[in-house]
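Each structure below is given as structure tokens.
Heads up, the next two complexes both have chain A, just with different partners, chain B and then chain C.
Right, the complex of A and B next:
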């Protein structure tokens, strides 16, 4: 058990035993060493299963909307999760007073697919020592540097530190470089129209329409998604090019000014489809046009929810 | 002139054409290549409407609405401006030129402007050529949902 885990358990135990929260949302140890699972702790004696390491891949803010507003929730949050929680509070999905955020400065999430690709399927355990990661398989032991195993979204992470946590455990990490995300999007924007379309089709048309990305996303909390409507049918529901493209376009567009670039959608995708190049582009547009960054406070509404007459608008052309 | 005229989806707010002659022309005399979708306000236009037009094979999408202070519902067009403008630029990012999505905000003195705007838009589209990249919906003849 790492020092950080001890601190998280102690904090969770304090919250539960003093009845400050009804449930603590964190990660639980599983038999599969690469997949700690999100878990809901309501009793102090359950906390022995609580773990926290670089393989905790889910965005826990996802579980905020599955509880009634009155539930007092203690939640382990990293930088992206903290911003997702803020964005959800802005959208009135929970009251901030009923939340206790246990903040952890994040070292980045390890990409389990990348680990399996490098070491083979038989992983027994993963040991993290600061900047190095040791993977033990049934046959062998591999040593990696942490950076090479990081999930792509975490390599581009802007805010690894929780920005409004109630309790902060561990040492603060340096902020990320905003240019990394911008460079990636600009590289795509500089391609020709045909190349951009080919890239989009290559990604979107591997989709099997399992909607794992939607289920993993904290901001996708609609009780009925547009793809589930049958009357009227908004988009083709089958695994057809039109249906797959419509899903990717509209899913991303519904995230405009709401996505925190946590990459949970990509980590959940069984087909290894890239999706953050869509939401990151929309995020950058929101930063450039409205100076709006998602989840930086609990009061600012996203641009599409605010209307002003004095918008700069390149579309208004008066009669010739 | 092109042999096949460009297909245009025209989303028109029902309050933006102040002159009855213009409205009558739009309602009854539109050329066949222009498909009219009348909406109560531009704020009613979901990005999905535009996506459906694009996937259904529209070479261009024109959106007519009222000027900012003139919205019949006070601020429906403000919501539309922010969202649909961004959607247009997002479609450009994945392969549908931004010039193919055009907004025309009409005013009281703009009598007859809609015809000029449509003609100019069609000329732009003819220069760009037909849009194939996102026209992925299967035609009705093969069991699809559009014709």
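Right, the complex of A and C next:
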């Protein structure tokens, strides 16, 4: 057990034993290597299963909307999760007073697919030691530096520290470089229209419409998703180019001013489809056009969710 | 019959097949193994411990398939003529081929055969490559299969070092290897020992004795809520599963087509009725359905598990729900005693 895990367990134990929360949402030790599971602790004696490591790949804020507002939830949050929680509070999906955020400054999530690509399928265990990561497989042992295994979204992460946690465990990390996300988007924007279209089609059309990206996303909490509507029908449901493109583009647009660039969508995708280039572009637009960054507080509505009398309305053109 | 095919002769064999048929074989693209058309010079992925990410069931049951088109002007329905040319799927793993055999009990029954499945199945030859070293996520031997299972296959390759031992099980499989030298006794002996070693390397992942009855007894257990807590309700486990076959039929009215798409019991709308009632209202009922179908209802249907132990759902579940651990937990859950009154 790491020092950090000991601290998280102690905090979770305090919250549960003092009846400050009804449930602690964290991770539990994995059944299959590389995949610690989101877990819901209600009893102190279950906490021996609690783990926290670089392979904890899900955005736990995703589970917030599964509980009624009255449920008092203790939740382990990293930088992105804290901002997702904030964005959900802005959207009135939970009462902030009923949340206790156990903040962990994040070292970044290790990309299990990348590990498997580098070491083979038969991973038995992963050992993290500060900046170095050791992967034991059935056949071999591999040594890596943490940074080479980080998920791309975590490499570009701007805010690794929880910004409004109730308890902070661990050392604060330095803020990320905003240029990294911008450079990637600019590289795409510098492509020709045809090249960008080919990029988009190539990614979207590998989709198998399992909707893991939607289900892994804290902000995709609609009871009925637009692709599930039958009357009216918004998109083809099969794996046709039109249906898959419609899904990817509309999913991204629904995230405008709501996505925290956590990358949980890409980490869930079984087909390794890139999606964050769309949402990151929208996030940059929100920053550039409205100086709005998602989840930085629990009160500011996303620009597209507000209407004010001094809106510029540049997009409205008078008929001639 | 058993033949010996030197590894350096494989290319020539595939080349000969490709003159007669479309040949698909596992290759790496987008960073993972996929069945792609074989062309001279491509690099094959035959010795990886795991199978392709997307299941080859899609060759026989495409994820989306037009069942009929309608002509509004003439007020007529038109069934598309399936023009499926002969295909050879080379390098399919025994778990995926076993799954095809299971799906035959659904789509190729005497009483009610599915013409779309049958047309594809008749034109598709499955040539397997057995698994000398199954992956840590594999559990075929726990569910009545094995790394060199023959079910569903026309022939199977066993990697014996410099060569493959090729065993054929059907006439059409046999025809593909005519002209190859017959295997010698020591080739076969070597293959048997490799096969036995591979099988022995897999330890039981969960207990299967009485599993169906036990699952039936814990139908109302709170265990399903426990699984549902972390389950995302996405379609990965079922869409990547080689045996899941549920589908939904929709009209793509803008194209005047009636289309069959894969569907999954993990989706909320799968069981949603037009009235708004949903008999499986939460993820608990839906995760239960997935396990019950595979390990209870399949026994009723075909006296086999509807799982071949390929391990895809274990490897790709985004929240690490491992079906093997789920079944171990189910086995450890005491069955509820139901009293009359």
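Everything below uses one rule, namely that the second predicted complex is superposed on the first by the 310 of 320 C-alpha atoms of A that agree within 3 Å, B and C clash if a C-alpha of one lies under 4 Å from a C-alpha of the other, contacts with A are read in each partner's own complex, and residues count from 1 in each chain.
Just so we're on the same page, contacts are C-beta pairs under 8 Å (C-beta built on N, C-alpha and C of every residue); 3 or more make two chains touch, one makes a residue touch a chain.
Keep in mind that what you see is a predicted model, and the values were worked out from it rather than measured.
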Touching partner for A:212 - first (chain B), second (chain C), both, neither: second
Which of chain B and chain C A:38 touches, first, second, both or neither: second
Touching partner for A:30 - first (chain B), second (chain C), both, neither: second
Partner chain(s) touched by A:236 [first = chain B, second = chain C, both, neither]: both
First, second, both or neither for A:250, with chain B first and chain C second: first
First (chain B), second (chain C), both or neither touched by A:282: first
Doubly contacted residues of chain A, that is, touched by chain B and again by chain C: 236, 240
Partner chain A, residues of chain C touching it in the complex: 30-32, 48-50, 53-54, 63-64, 135-137, 229-230, 232-236, 239-240, 248, 250, 252, 259, 261, 264, 267-269, 314-322, 324-325
Footprint of chain A on chain B - complex, ascending: 47-48, 51-52, 55, 67-69, 75, 78-79, 81-83, 85-87, 89-97, 103-105, 107, 109-110, 113, 116, 133-134, 136-138, 144-145
Chain A to chain C touching residues, read off their complex: 30-40, 57-58, 62-63, 113, 117, 120-124, 138, 206, 208-212, 214-216, 228, 236-240, 267-268, 270-272
Touching residues on chain A, where the partner in the complex is chain B: 188-189, 193-194, 196-198, 200, 226, 233-236, 240-242, 245-246, 249-250, 252-253, 256, 278, 281-282, 285, 289, 303-304, 307-309, 311, 313-320
